[in-house]
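In the part that follows, the structures are each spelled out as structure tokens.
Common to both upcoming complexes is subunit A, partnered first by subunit B, then by subunit C.
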Partner chain A sequence: MESRRGPRRCTVVEAVVGGLITGTFYALLASGFAVILGVTRVFNLAHGDLVILGAYVGERLWHLAGWSPILVMPLAALPPLLLAVASRPLLARVGEPFVLRSVVLTFGASLLIQSTLQTTFTADFRLITPPAWDRGISLFGVRVAAGRLLIAATALIVLGLLHLLFTRTFFGKSLRAVSLDREGAALAGIDPVRVDRFVLGLGGALAGAVGPLFAAIQYVTPSAGIGPTLTAIVLTIFGGVGSIGGLLVGGLLLGLAESVAAWAGGALWRDLTGLGLLLLVLRWRGVGLAGASVSAIGPAGGRAA
Partner chain B sequence: MPQRIPCGAWAAFLVSLALGFGPAVAEAATITLGEINPLTGRFAAHGTALHRGVLLAVEEANASPLLRVTLATRDDEGRPDRAVAAAEELITRLRAAALVGGYVDTLVGPISEVAERHKVPYVATASLDERLTQRGYRYFFRISHLQAYVDSMLGVVRDLFRPRRVAILFSATPGASQLARRQRERLEQAAIRVPVFEMFTSGMSDFAPLLARVRDADAEVLIADAFFADHLVMVRQLRALEVNLKGFLGAFGMEFPEVVRDLGPSGEYLFGTTGWEPGIAEPGTEEASRAFVAQYRRRFGGEPPPLAMHGYVAARAILAAAGRAAGRSGEVEPQAIRQGLQELDLLTPLERVQFDSRGEATHYRRLIVQIQGGTRIVVYPPDRATGKARYPMPTWKER
Partner chain C sequence: MREGGLVGALCPARAVFRWAGIGGAILAVLLPALVGPREYLLYLGTMALVFSVLAQSWSLQAQAGLISFGHAAFFGVGAYGSALLSLRWQFSPWIALAAAALLAAATGLAAAEIAGDLTGPYFSLTTLALAEILRVVALHWTSLTEGAWGLVGIPGLPWIGARETRAAEYYAALVMLAAMCGTSAWVQRAPLGLALHAIRQGEARAAASGVDARRVKRIALALSGLFAGGAGALHVHIFHWVDPASAFSLNLSVLPLIMAMFGGSGYLLGPPLGAVVLYLGNELVFQRLAPGGQLWLYGGAVVLVILALPHGILGWIEARVGGPRGPV
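The block that comes next holds the complex of A and B.
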């Protein structure tokens, strides 16, 4: 019989690699929230519920058709995209203080989505479990689940594309312009309403697309959206509003800190470390890791109207 | 030629009706049963299963002519404040004569306080916290308890596994934490080392750092005092990281059908606990168990989850106690139900229901099952075993 001890004794490296993989996923998980907040100033408390909606769509497609969680991402993105775009007329009616009122509106949307999910999919736990994703592979001499590695790679690709969209395309520059000065952008010929609609759709689609990946590593219930929403809020504050680069760096640091803390001190240190790190960054920078100066999208100014 | 009834006889009949001396017709006693369960929120799956069991028990009771049961169900959303509000409403506004339901002790505890204050009996469907039956409450009863988990899990570890080192990972809930502490005490008394003893927040997505500690501590057996969804995530990562244990023993929810369905071959050889599930019932109740399964399938479709039986048994206990008091009055009073519960001796597929003076179920037991060939086999205790335990588990590469 093979030794039960197996390959081992590089547990710090394991914790670091595991943390980086988790952190990359965190960044993708938060990207939809950060993009919407950065441009439209909508503080979307229903973000996690859109992730869960995408997760249910992905789980059903995986279950019925056997499609890989990565292949179902575009289809899982569709319902949240439509929902987010459809919310724009409602958001346009929201008065000042806009951010606070958007919290109330999206909280209501969150409850509505949860209730609809429970009616449609029941309260049963759902999980996407492609057998190949549970296999372990070696990376830098440590064992990593193949599925988690695929998720991290997918997250990096999507975040890279987002970064290119915001920094290298004319449309991306118009998004930044709207976020910095809505009226000025309008005078320059940019249609803020169109930008809002696009950004809400993009944020919704990102949330939905993450869903199948979320369901591949964590079980899903109709009320499971609170976790992704909190992660997105923490990470957006952590990384700085609206910056994809800041989001990624923040995600990596958060994942790393949580993983090493859990390995060294136990699981309860995981959450404490994440929140402690957030407080430290805010104390140190005030505006998150990326800060205003390197924000790709812009920290303030815009609002859906 | 039709026989004529004399006018005097008609008059006597009408007078007797007016005076209430009509033909003897047995009137069913009535009871309003209040149910509180988490039907939405993060415990919705568990609460729904409990609710369905309660519903079946009520429908069964209403099919008999002795008792008319009105079930008033409230959703606590998995929130203690909602559970308290629901209990107050059921008792004060709807005049519920007894309460049933409750999943996890953070919800059961607050409900029991309201019930005690109003002197209304409450039978908890899923509760473990030892402190709840140490308060001297007279109206709190429950059909499960922690000691059953301690006895069965430690029994199988001590008698069958006989390891030198055991790791315990436990969920940050009152019941799971107490269970883990009791297990550690008993293991150490048996000279078995516990090098890893870690609490975690239920719903964690990455157990890798904890599993690395389990592996590095050379633990032979991992006891996971966690809920079934955590088991799924944990076992998948055990496989990916190739953490080779001799045994994996899960406390809660390993009997859920989803464990076999979602884990597939990775679920083979895992050990868990069960009180009841289709095919595993208290001796002498096999027929009743099959009838329950058939009724559940007809009513809701699919296989009944074990918690459905918990709901059914708790409600049946109350209704049986109410039935004992039914002859005494039209509307069954809470006091009579409490008395009935205290004197109850009811054989059900989950357990023989009897309560001690603290409201603790005296005959509740947990069995140890192992997944073998995609089905669960009872392997411990010996008097209930239907198969032999396969221990140690093969390594992941050997599978």
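The block that comes next holds the complex of A and C.
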């Protein structure tokens, strides 16, 4: 969640605008996690590691071939997509309590991905820095780096497409049907296994696609996945698994809070703000969306009634 | 070692595990004599015991179905507490160790307060956030902790008339593990153990039967924190060095979870067994095959446990040996 800080201290307005831009990015970062949790009840702690996997793909392609982080997003989405789809038969074997066991299993997957990244890409810090992205653009009288605006715009477009997918297409509606009532959806002729496979692929692809943008914002290391995972969890619990709008609002609030905290008190307070908000959101909505409804795959945790 | 007797009385896997426990305890006591002057092996043994304590402490509140992702918080508080008390305020390392363990127990109480009624992944994430917050504070409170540089020159534990410090450290860790196992055995036998199991099976039902869930969780987390903190304090006096990245490392939260579940967290001997097998397996075998790849081993162990060994190694053995089923 660290962003590069300029040589001079920015104004509070710049901090606010920067926070809102980062917040839009956070919403996209969380979308893959939220989609998977919402439909399959898998609490994917390897989410951040899939983001980092995509980030490495993007960084390599940018470094070796000079491709723009935006253009390589589909390619970066591919390995996490395949990984997530391939994990479905394993997830189907996870016993009760399902959510808790899926947490532990994906924790193990996270370690495996990290060590694979470590051996493949070494522990060096990587960053995508297209020269044109540093150019300042004036937005409401505030100078913003062009790259960050591009990232925010990309995030908004992808989130908008997701929103349309969930609300306007038949397939999106069938996803929501499975999310609400797995057996009922199956009775209505929707194949839950097919839906699971699609959702895992979609969530994995979203995580991977965010990667190159992530690498353009902050340094990438094999163990950097924990940050995006925690961010995704905060936003998903805050905003809800079924609501792209909720993710966006949560992302904007988190980005804003972190940015202003960093502006006022430095890196310590930015980190503490993010973690403190996680604790607050857990206490406030610990009953959670995964906890409130019980699916056929497994009853969820959450606050005891 | 009295440990064997307790194991025999309480371990659900009956005779096989009882004799294995007694044998393991005897072997553990004799180990320094067996390895002789090979200090490295003794050091590995000591670390395996420290991780055993940590894994056993982790499984204490796990009896209530509370999966902690943040035991590094307790370990780190114990490590930093003991380091600061002995280094800055010149307390005897023994007193510092005890005080730091109590401080970690208080951290356990605080964790219970912060987590409140949360269960499942929400409890896990609360503990994870707590450990991260402590790491960030240790990293930035440079006037107290020297930040990322860490604290160096932490005194070792003073021994009365002992010259072989490695062996002394080993026995200190062994005594701590014995105390931890004794506590676990007592908890399993005491009403507290029943209350923990009742909570795991359903907090609402437990509450309806008169179990004060909050109080039980507070006690379990305080006890768990006490021993995890003790392990951290012992670790710091063996290494003479501590920094935020290692003391509050996510690995220290992950390893006890993996070790306990791998061995079988429902069994008294499960967590130490998992710790010894995985730690020594990593140091003696896996590191030679794949240097630096310990996450492969630990990640693979978790995946294996969830998919194929739901009750850990001991559960698997029990299913093969037969007899009354299931961990307590």
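Convention: the second predicted complex is superposed on the first by the 256 of 305 C-alpha atoms of A that agree within 3 Å, B and C clash if a C-alpha of one lies under 4 Å from a C-alpha of the other, contacts with A are read in each partner's own complex, and residues count from 1 in each chain.
The rule we apply is simple: a residue touches a chain if its C-beta (ideal position, glycine included) is under 8 Å from a C-beta of that chain, and two chains touch if they have at least 3 such contacts.
What you see is a predicted model, and the numbers here were worked out from it, not measured in a lab.
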Partner chain in contact with A:93 - subunit B first, subunit C second, else both or neither: second
Which of subunit B and subunit C A:118 touches, first, second, both or neither: both
Contacts of A:109 with subunit B and subunit C, given as first, second, both or neither: second
Which of subunit B and subunit C A:275 touches, first, second, both or neither: second
Subunit B versus subunit C as contact partner of A:157, first or second or both or neither: neither
Touching partner for A:101 - first (subunit B), second (subunit C), both, neither: second
Contacts of A:22 with subunit B and subunit C, given as first, second, both or neither: first
First (subunit B), second (subunit C), both or neither touched by A:134: first
Partner chain(s) touched by A:221 [first = subunit B, second = subunit C, both, neither]: first
Subunit A residues contacted in one complex by subunit B, in the other by subunit C: 114-115, 118, 267-268, 271
Sites on subunit A touched by subunit C in the complex: 43, 90, 93-95, 97, 99-101, 103-105, 107-112, 114-115, 118-119, 226, 230, 233, 237, 267-268, 271-272, 275-276, 278-279, 282-283, 286, 288, 290-291, 300-305
List of subunit B residues in touch with subunit A within their complex: 39-42, 44-45, 47-48, 78, 169, 172, 198-201, 203-206, 208-210, 212-213, 215-216, 218, 220, 228-229, 232-233, 236-237, 239-246, 258, 262-266, 394-395, 397-398
In the complex with subunit B, residue positions of subunit A that touch it: 1-2, 4-9, 11, 14-15, 18, 22, 114-115, 118, 122-125, 127, 129, 131, 134-136, 143-148, 217-219, 221-224, 227, 258-260, 262-263, 266-268, 270-271
In the complex, subunit C residues that touch subunit A: 65, 67, 69, 114, 116-126, 128-130, 132-133, 136-137, 139-140, 202-204, 207, 213, 250, 254, 257-258, 261, 292-296, 298-303, 305-307, 310
